[in-house]
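To keep things simple, chains are lettered A, B, C and D as they appear, and every chain counts its residues starting from 1.
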Amino acid sequence: MPAETVHLDGHIVDSLTLSKVLDIILRDGGHYRITEFKIGATRADLSHAAISVSAGTSEALEQILRQIQQHGASRVTGDAKTEHAPADGVFPDGFYVTTNLETSVRLSGKWLPVEPIEMDCGVVIKASDLAIAAECHPMHHVCKGDRVVVGSDGVRVSPLDHAESPGVFGFMGSSVSTERPKELVVAAIVEAMQAARKENRKILFVGGPAILHTGAGPQLEAILAAGWIDVLFAGNALATHDIEQALFGTSLGVGMDTGAQAAHGHENHLRAINTIRRAGSIRNAVDLGILTSGIMHACIVHKVPYVLAGSIRDDGPLPDVITDSVIAQDAMRELVRGVGVALMVATTLHSVATGNLLPASVRTICVDSDADTVVKLMDRGTHQAYGLVTDCEFFLKELAARLPGVRQ
Amino acid sequence: MPAETVHLDGHIVDSLTLSKVLDIILRDGGHYRITEFKIGATRADLSHAAISVSAGTSEALEQILRQIQQHGASRVTGDAKTEHAPADGVFPDGFYVTTNLETSVRLSGKWLPVEPIEMDCGVVIKASDLAIAAECHPMHHVCKGDRVVVGSDGVRVSPLDHAESPGVFGFMGSSVSTERPKELVVAAIVEAMQAARKENRKILFVGGPAILHTGAGPQLEAILAAGWIDVLFAGNALATHDIEQALFGTSLGVGMDTGAQAAHGHENHLRAINTIRRAGSIRNAVDLGILTSGIMHACIVHKVPYVLAGSIRDDGPLPDVITDSVIAQDAMRELVRGVGVALMVATTLHSVATGNLLPASVRTICVDSDADTVVKLMDRGTHQAYGLVTDCEFFLKELAARLPGVRQ
Amino acid sequence: MPAETVHLDGHIVDSLTLSKVLDIILRDGGHYRITEFKIGATRADLSHAAISVSAGTSEALEQILRQIQQHGASRVTGDAKTEHAPADGVFPDGFYVTTNLETSVRLSGKWLPVEPIEMDCGVVIKASDLAIAAECHPMHHVCKGDRVVVGSDGVRVSPLDHAESPGVFGFMGSSVSTERPKELVVAAIVEAMQAARKENRKILFVGGPAILHTGAGPQLEAILAAGWIDVLFAGNALATHDIEQALFGTSLGVGMDTGAQAAHGHENHLRAINTIRRAGSIRNAVDLGILTSGIMHACIVHKVPYVLAGSIRDDGPLPDVITDSVIAQDAMRELVRGVGVALMVATTLHSVATGNLLPASVRTICVDSDADTVVKLMDRGTHQAYGLVTDCEFFLKELAARLPGVRQ
Amino acid sequence: MPAETVHLDGHIVDSLTLSKVLDIILRDGGHYRITEFKIGATRADLSHAAISVSAGTSEALEQILRQIQQHGASRVTGDAKTEHAPADGVFPDGFYVTTNLETSVRLSGKWLPVEPIEMDCGVVIKASDLAIAAECHPMHHVCKGDRVVVGSDGVRVSPLDHAESPGVFGFMGSSVSTERPKELVVAAIVEAMQAARKENRKILFVGGPAILHTGAGPQLEAILAAGWIDVLFAGNALATHDIEQALFGTSLGVGMDTGAQAAHGHENHLRAINTIRRAGSIRNAVDLGILTSGIMHACIVHKVPYVLAGSIRDDGPLPDVITDSVIAQDAMRELVRGVGVALMVATTLHSVATGNLLPASVRTICVDSDADTVVKLMDRGTHQAYGLVTDCEFFLKELAARLPGVRQ
């Protein structure tokens, strides 16, 4: 029976990495024999395991090895293999598919980091006389002739450390229950945002229009104005209803001070869009004094870059909306560099899209009133994601109250 | 084709009563001819309609007439018919089944109000030499030989007025969306509670254990202490986790100040129950100085009557729990008399049970984080019910902040 | 106090139109006096009401009149007013915003139908020497100088008849409960599809990727192959996972015959996309014999037109995906002409987008396992929409079993 | 710093037991040093670890040791300590609280199994001249003077093996997504039921009234008639709507063959209850020929024992309902002995109550259309529970189709 020995290093017991690797071997019909095992005696010590993996056929063995490699099992390996892309936007067959974990490829005996890491991409080798680099690219970026890594030889993935210290995020773990004290979670999010500030990592906010419909727009505006957000991702709807509220005092036609449907209110969001289209852009509307408050106004005034990504359910859309989804995705890709904390509030589409672009090491918090949405976001392999099933209205109110310097 | 003329009076257009009656006639295969119609010219004026209803057979006609009668269509009628109950806890065949709308029965040519009205009950006629009364009783109350109304002759139901003035409750209508400004709804609830106070009607609070798990116990305790609640309905779980928190600072073992699972925490609720069982009752535990804070403590100290109704998922239970569901229901039945506002927070079982006991005229507000639960509660024919899909934690915090005199 | 008389005609009692109009008048602070009222004596007869509406100011009155006009209240009116569009993609201020109900505008004393009606658009008057037409256009279609209707003078909206005969769709009404016999609903959908066939109206299917993940792809393929679907709207995900399943037997890497995660399965959807990108298009892949089964294959073979609309969460995407949301929306706009029945299964984004484009008269059925999604779809003003909270897997299986001629 | 060495044996890596134990030590502020470690080289081999645990104080250490003991960490130990119960229904302070895992206590140097194991109970030692036994009892069972285990000395808990072989239940794991192929899960449930049959273990069905409302009653009746269910747990509602359907063809008044509200339908369930109350019991109604079909009829005819447990939302109730929740719980406690598979369909209350009574080794499958309910059930520490978010109607239809011998 074909066999090969792999090595696992790190906090492999408490991170569950060892369990997961053994589980995959058995699940896929293989067998294992642990030939060496040195457990870290204390929390700080690293463990090491050597595992001999065997399977019925070489193909089956190869499949298992490639699977467990994605969880950090390293093979004694040669260099990565590459092939040329056969056409623009097309990878060679058998291209290596990235995870969102820290990854390196071995070329000429040296390990190169793959940067910026993003899941479901390919690895393109860019070499000049002076330098060689392993770049992570989505499929549509690749150009005919690019050297792309194929197979999994010479690829190494580092598992996430079991990083969480005891505390609120620790206890949240896999749970998304509404039946927990959520104020504590908000306090922990504030700490995470403050920690990101200290480490010079950016804070990304991804939001949906329910923020406006529930009347929480002013809270988000105040958080932006206080400088707590570095990047905003949203769609036409959030921006439109924000501008509707700034211009007409309604959101989807519902008066924010009365809760009642305003006369003609349902038209207000179209008139808001038309007004901005006439001005040419949100920035122009601010400059012309047409738009004087709200979330988008705060972005312009406080120089917070944003991506408004289009979707087929958009009215208008606003001129600032990037209607081509591939271009919008690339714009988001640029702005996620350096993000340390991502808050995703009341939007499935934009949250999932953003989650796809983030490395596993970014601390991600998903807030939605629908448990299904939160579960869906958490299921997508975003490793450091925490879900909070609650109201965006009360969440943002509580967050604004706890963040230092937010004017209420 | 057999036909009969019925009359509809009141705000029958804007309350949708007329539409509903015509709808039922057609749905059940009948035909109608509107023979008289006088519409109220302004909002204050009443309307009147005379409708000739016909159907293929007398039986079909009778069925239609009985249906629409429950929405206020009155027949030219003689006295109600009665039969004797054949056994204890058994109604005669064909007993009239009550709705939760104001109802009268005609006896000896006089209309008697059925009191206290409750849906899914029977009407028992209690007559002495001096007086005659029409009482509403659940099935298990009836005694062999009681005179019970059968059929629908001589029964009159008054439709609810289209009572809502424009305002927040008006806009909530059928909607239970999370995507609304909920602070406005909380403000409206505060107004409704203040109005009930002025009218000397009681305020009933029905709650589930998530109030404790989310850390909102102190908010409810403060609302009770400020005198805003006249009756509390709950189960073993709310009381147990409240006492657990008072004794150990945890709820289901989760520390309310840390969010973390306390060591041995999952045992704390059992130790809390055991402590109270040893004391003999919650009141004894308060008197002995064992229980010194929390919701149940506030009920004892502020003399707020409560029913703790048992269920098969209970641990213990606490000695104050009424384990027999029929006895518990009767205890609740007593205490709902005079209730004007019912707040139902984070419990399906107790909310539905309470809803079953309330007249349609009680303003009922259901708060739950799960839209399904709220929809289920609203679907059960409770007429003046408003659903709010949100967190009980944030809801109670906001309510406590807005109710005058609540110490925070 | 300024006053004006409007007229309401049709099945205004049982369609609730009269109630709604009176409700709006009061809600917005107006008063009414019903000056004439002739109720239809039987179901077939039309009713007529003349209502004198008054309000505190002319502006307030005008606002009320414009609101109720959208529900069919007609004013004695002159011609519609128009203004020229100030720029490409910008309507003149005060442009009339369409509903999804049948609408006409009055020009030179003649009523012209607005076609094709779509909500949240403007009305552009296209006149030549020979003809004049009122066209409904979304904002981005309008060109500088186009004549656009402004205000609401000379605009008439026809309320939907209370069309539902008694039956399953009648009973579904506002309810989306899972606690109903759903097989009956499936039977009613089959009838509706057969009725659309007889009337030569198209059947539109809008679907999400959960159809594939749950293993229901073959059912949808069979329904397509039997000719029951005329147009398909979906996104990159549905097509990708369909092709993944055709090429690799997995969906998101889960083996459809085992339920287990296939080795490397999570990469399969990327390899599927890459394969089609290499072929150039789905059609090419079919022609080259690469793609030989599945939903997209059935569309190609059976000549069912489709729109695959892009979104920012897409991998790849497939070359057939229209990545620009405005262009995709326009492609959908073309294909919804003549649709009589729309089935929307397991997708919020595409369902809402499609609902925005459909006239109110199209019978729309939304199927989703999440009640929140269904409620959201139903709340968006799509008038003849019915929601079904259930599994797409079992729904499609049941539908395939009941549709004549579907091979299983 | 106080320290003590504990031992862990078994499949402690792949069952995650080791990880969990180390996690608890750190979480509660302790430190560990792994002093011995022998990993099982292959899947079949057991592992062993000796862990020296230390903490700041003896109390803190003791707390940690008691926590990890519940996950199988065994201390070098003397006999269990016992105290006498101070009153009927009251445990001594510090009573040991059971988990639902296999447990033994050490008395006079011998290990006695605690039977029947149930979580959240106490351990009562019953000794006679001839024998000594450790019995698991809920709080209300204990009698004054009973010897009850206190503290955790001399108590040993066996962790569940990582029993799942690869397969459908393996893949379901923590997932409750609707986006999975559910037919495969139904097939796996059928296998589990067949396996239970072979091992002479009972199959328990716990059901809610939505089974009737959705029209799935006949499916469950057929499964019962084919002998696939050994015990039925339900409430008044399931039995009432079942009998309503048998007597009147409706469920909550909705005609199962039409989907429409029957005339007077909402009264039918009350008339059904009244009929059975008059007959005296369900069995009498069957014997008298009044009840001739349905689920309850099948239970009587096929001698399937059932518990109908009362709740405060019940109408009536039926005479067979056990209205006292403590007595009902005890009746359920009797019948869960010997259960190998528990199916819980469309009921939160009865599912949670039953889950509380079952040992961790019983394979439990929860089916509900609401993901929140399933998550709630899974979160309650029932170890071998699998959640399926789907329709009970389609689930039972599919189950009936796949179970051998079910007549459809």
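The working rule: a contact is a pair of C-beta atoms (placed from the backbone, for glycine too) under 8 Å apart; a residue touches a chain by one contact, two chains touch by 3 or more.
Everything numeric here is computed off the predicted structure, so don't read it as measured data.
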Most distant chain from subunit A, judged by the mean position of its C-alpha atoms: B
With contacts defined as at the top, give the pair, A-B or A-C, that has more of them. A-C
Whole-Å separation of chain centres (CA-atom averages), subunit A against subunit B: 46
Report the inter-centroid distance (CA atoms only) between subunit A and subunit D in whole Å. 38
Distance in whole angstrom between the CA centres of subunit A and subunit C is 32
Quick one: which residues in subunit B touch 2 or more of the other chains? 27, 166, 170, 260-261, 370-372
Please name which positions on subunit C make contact with subunit B in the complex. 13-14, 16, 18-19, 22-23, 26-27, 29, 31-35, 37, 39-43, 49, 166, 170, 174-177, 371-372, 375-376, 379
For the subunit D and subunit B complex, residues of the former touching the latter: 27-28, 63-64, 66-67, 86-87, 89-91, 93, 95, 97, 120, 138-140, 260-261, 263-264, 266-267, 270-271, 273-274, 277-278, 309-317, 323-329, 332, 348-350, 352-353, 356, 370, 372
Quick one: in the complex, what on subunit C touches subunit D? 166-168, 170-172, 178-185, 188, 209-210, 213-215, 254, 256, 258-261, 369-371, 389-391, 393-394, 397-398
